[in-house]
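The data blocks that follow each hold one structure.
Common to both upcoming complexes is chain A, partnered first by chain B, then by chain C.
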Partner chain A sequence: MDFYYSLAQIIGFHTLLGLSAYVVLLTGQVSFAQGGFFAIGAYVAGMLTVISGWHVIPAMLAAGSIAALAACLVGFPALRVRGLMLVVATLAFGEAVRLFFFNFDYQVEKGGSKGGPLGGEGFRQIRWFPEHGWTTFEVMLLVLIVVGLVIGALWWIDRSRLGSVLRAVGEDELAAQSVGIDLTAVKVTAMTIGGFIAGVGGALYAHYTTYIEHTNFTVLLAVFAIAYPILGGLQSVFGTIVAVIFVQGILVEGLRFLGDWRSLLFGALIVLVMNLRPKGLIDGAAARRVARLLRREGRHA
Partner chain B sequence: MGVVDYIQTIIDGALFGATYSLIGIGFTLVFGVMQRINMSYASTSLAGAYCGLMGQHLLGLPLWCAFPLSIFASGLIGYLVYLTCFRFIPVASPLASLMATVGVLLFVEEMIVRATAGTPHNFPAIFEGNSIEIGAFVLRADLVGVFLVGVLTMILLMAVLFRARLGVATRAVAQQPIAAQLCGMRLQTVNGLTFVIAGLLGGVAGAMTGAAVGILSPLITIPVTVKGLIVTVIGGLGSIPGAIVAGLMVGAFENLFQALRSVSERDIYVMLLLFAFLVLRPGGIVSPGRGRD
Partner chain C sequence: MLLIIPDRGSNFTSIGRTLNAGFFAYADGGFPPSETRRGRCNPGTRLEEETSMRKSALLICSALVAAASLARVGAASAEERTVYIDGFGAKSGVVRSLGINSEAAMRAAVDLINSQGGVKLADGATGKIKFEYYDDRCVAEEGISIVRRMAAGPTLIGVGPSCSNVTEPLYGILQKKVGDATDSGLQFPVFTDVAIKIGLAKISEWSFRNVPSETEMYTTMYKWVKDTHPELKTLYAGVEENFSHSRASWYAVQKDAAPAAGFDVKGVTKWLVDDTNFAQQVREIKAANPDVLAVVAHSFTTCGLLKEMDRQHVKVKMLIGLTSSAIQETLTNCGKVAEGITIPTSFALLTPEAKAANERVAKYNGTLDIHSAGTYEAMFILKKLIEDQGVLAKPDTVQADRVKIRNGLAALKTTDGLLGTVDRTSDREAVKPYLYIAAKDSKWVVMHDMIKTKQAAN
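Let's look at the complex of A and B:
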């Protein structure tokens, strides 16, 4: 059973990662920096619980806030540019964060052994959950509650004025600007929200694996982050969730019998899906169909 | 380290930077024509270089064949990328094309890992010979060779773009796709051929990277992609001369900081250079002309 609990947790982190990219993508910006924010969240939360001895939940919130701050700071210079230049800027930021942690040593003496990040060796022994006697099931519950809260918040944002503003900027910047929307403010807000979600995800991830190192946060992680919302479709948060479950649950775990060949399959599958459904798995038409179906069920009941 | 050492480091870096220039030009070329991003470019270039190696290892071709074979294979791969990522995806969904090229990037990288079992392979040094000494400075013969081939390729590319009919058509499509179509140019053909040209260029770039580094390993695809993209942005999007200058500059800068600090910190400074450009001169060294649509 523990296998399914871990699987649910992995899907949980990846959903957070995907949703952090989803918020930014709503404004039409492609950000490859989400892996960097995820790394910041992981390292900050790990240092808070291991070195400062914090409880995991405030550490998680603090990690999210610091990642959000980083996102906000990166947002200002990076969001002056668009398209390819933004892709490159965010890609470079993500790599810079990874290289920073590659060179980051901060070891602290604690209870006879040393704890804390140690450059290329990685950051070991982030053991808050086992030390406080949490079972895998309880950890999974925490992850799922966090994911549920984030999904709920995004669902609500999508229906609020902020959601319309984000989408307006994503659809047509010029039109959005001419009705008086401050483009920079909207983009930086989206980036900050995305950074917070990624930071919280990273914090949970660090405590789940108990060991993080810079190679966990390469470009590949950033690619996964934007792959989920693009594969799933930007019509609603559920597209991202469907894509995460599809990729992590079915492709990575379900096809384990294929061995290493499934990574090959993954690339080819992305190409195929994008050719067949350029707007994502759950595009406008599919979302409407599902909504109509639900409404009809409701009427019959 | 004295002044001579610093200048020597910068010269070495700039010579090596010619490979970054080539990759940067490839990114710029595709972006200039299609206004869309081909993230798989650097990896397909290296895949071309691998095909060259394969000819040598599997078919037993002589050493010098690796080079033309790389170029040819890369051109072919370029066209395949066009077919899979751009030809059938509607113009209105640029995100889908971007994601598809990322898919190709992952696919190609995994293919290389599969085919080589992850081990690095020696790439034949195309230029051998003694180092050239000019005064106090020593120029490595292989890097000078790489640099010269790079310059030659760039001149050839400029000649194709500004003299040949295909180049004129490419530039016309880049500026006004609809008007170009009305004038009787076939959009799909021109776009496809652009990818072939970019692919051929990528073959040169991949082989030169292989020759300059000395080995090919699946580990270098992502760093080369990142460097190539940085060169494209620093040089100014869509500008070929800008990409050339930026490539040499990034190479020199990187080598200097490698000497001053260490290999593991080197790339952080390259990223900082990029951010400095984004803040101070977002258009890049050679800003593209305004009024394009």
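Let's look at the complex of A and C:
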């Protein structure tokens, strides 16, 4: 079962990455900076547990907060531009973060050996979980609880006034502005929330792999971050998790037995799914069905 | 066909009759002759008896069949059992040739072992190796997933991966110290064949490597270059900066080894593993005008740089390459411009064993090189270990067998390699025999055989 627990963890932190992009996409913005926030979360959490000896949960929250702060700071200048300009600006930010960590050395002597990031040679021994006796099942539970909390929070936001405002900005900026919505505030808020979620996801990722280096946070990661919510559909927060299960569970792990053909099929199947479900795996109708189901379950409870 | 029953007294007659009663009609349409003869013609009694006999006969039949089957299975299992060993590495992306060659080498080795009778298990049974190879695409998460999948199944040991950026996290999820109850890391042995970044095996006591020691190879090679070419004084390095192995090779080994041998290091130019334009780097090399250029990069960008040097007519007196570039791919992609590049390597087609192994690997569409030779050797090391350590390869001894293999690997002082004896260090690393080869007319030729030099010194 350990393998499946491990797979659930991968699905968990990839879901967080996708949800971080989902929030921003709700406002109609395409951000390629999520990989950068994910990297910030990974490095900060790793440094806090390895160098400062923090417990993983406060380290994770701190990592999320710092990533959120970075997202907020990036959000102000970057969100003054739109569309393709924003794509380029956020892509540049993601690359800047990656290159920062590529050159970032901060090693501290602890217990006879040095720990911490070592530029291009990476940051090893982020072993908080095994060193504290956490089993794969327990780590999976933590990851799933975090994912559950984030999904719950986004589900609630989607049904609150804030959710309506986010979607209003995403649907038609001009109309939203004409009813008094502060576009910059809304976009920066979405970016900050997305940054926090990506940071938390990065923290979990670093502690899952025990080793991180700048090549883990390339533009490909940012592409995946955007692809998950688009593939899953923006009508419901559950679309992202369905897309992550499809990509990580089925395409990456499920097709491993196909060997060399897997990589070829990977792209072809995504294209096929996008053609069959152009509005995402969970489109409007599916989202309404999920909502009805959840309401019914709620009444039964 | 009708079975003739001479005597009802024996069990076999009952069985025979019962079976016949069930499946055949008698010619006269009446009761079986023997029954008629003995006057047991009461239909009710006869029916009960028939039913009862049929039941007992079926039971006995089933028991006999089951016993025969069990005996056969038992005999088979006493003679032959499956030993699961899996490999993994990069079969996709820029470094896919590493995985392709490693898989071919391991399959060739496994087939040879199995065709020679397999491995002898502790209880006298024979083990046949069942081998699977998984593509991790040089991605850390995938490498971890593969090893967790292996650890969840009957696999006794994993051989791989190709990339150092997969190896480091992979070793990180393993238990750091064997028997440490506070460490919940995975207790699964991994024998790495290709990832060559310096000093990785010390991360976990469950991790082992069969890769050459770059420290040893480059330290002696720079001295040899200086001794044989005293006129060469200056050196410039080109480093594939974002690939952990290339980077570590320069900063942790060659950067110190070159000046220690007496070279004046004039500077370093850098590029990335997926770069395709080297114009600026070549201009820097041209400006420095060094005697020796150390190209600390993998085959793909080594070729890119050398082609650009050719285009800009930049020449140096000597080219030194990264050990990972001492492969056929370099000659295929840029043999002409790589003419003369000298590289230390732990593999060349020198011995009859190496040549025979290369032919076997070629049948699996791979080539034997510095990396895949390590995987080929690894399978024979494991065969010997399984036999020496008393591995049983039973479903209920999987973890115990893994521990035995781990302990066996940890205790090894030397192993047999294709080029000679391989020393093993206390850090679970290998120090392999090596030599210096150079590209001549799109072929690798031996420039200096350190194996013979060492043998002569001893």
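We take it that the second predicted complex is superposed on the first by the 284 of 301 C-alpha atoms of A that agree within 3 Å, B and C clash if a C-alpha of one lies under 4 Å from a C-alpha of the other, contacts with A are read in each partner's own complex, and residues count from 1 in each chain.
Here, a residue touches a chain if its C-beta (ideal position, glycine included) is under 8 Å from a C-beta of that chain, and two chains touch if they have at least 3 such contacts.
Everything numeric in this text was worked out from a predicted model, so none of it was measured.
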{"item": "First, second, both or neither for A:100, with chain B first and chain C second", "value": "first"}
{"item": "Touched partner set for A:77, first chain B, second chain C, both or neither", "value": "first"}
{"item": "Partner chain(s) touched by A:153 [first = chain B, second = chain C, both, neither]", "value": "neither"}
{"item": "Partner chain in contact with A:263 - chain B first, chain C second, else both or neither", "value": "both"}
{"item": "First (chain B), second (chain C), both or neither touched by A:120", "value": "both"}
{"item": "Chain B versus chain C as contact partner of A:30, first or second or both or neither", "value": "first"}
{"item": "Partner chain(s) touched by A:144 [first = chain B, second = chain C, both, neither]", "value": "neither"}
{"item": "Which superposed partner A:253 touches (first chain B, second chain C, both, neither)", "value": "second"}
{"item": "Touched partner set for A:131, first chain B, second chain C, both or neither", "value": "second"}
{"item": "Chain A residues contacted in one complex by chain B, in the other by chain C", "value": "102, 120, 260, 263"}
{"item": "Complex contacts: residues of chain A adjacent to chain B", "value": "25, 30, 77-78, 80-81, 83-85, 87-89, 91-93, 95-96, 99-100, 102-103, 120, 218-220, 223, 226-227, 230-231, 260, 263-264, 266-271, 274-275, 278-279"}
{"item": "Chain A residues touching chain C - in the complex, by the definition given at the top", "value": "1-3, 6-7, 10, 102, 120-122, 124-127, 129-136, 208-211, 213-216, 252-253, 256, 259-260, 262-263"}
{"item": "Residue numbers on chain C that touch chain A, as the complex places them", "value": "91-92, 134-135, 137, 140-142, 144-146, 148-149, 151-152, 165, 168-169, 172-173, 175-176, 181-186, 203, 241-242, 244, 247-248, 251"}
{"item": "List of chain B residues in touch with chain A within their complex", "value": "27, 31, 37, 39, 84-85, 88-90, 93, 95-100, 102-111, 114, 222, 225-226, 229-230, 232-233, 237, 264-265, 267-268, 270-272, 274-275, 278-279, 282"}
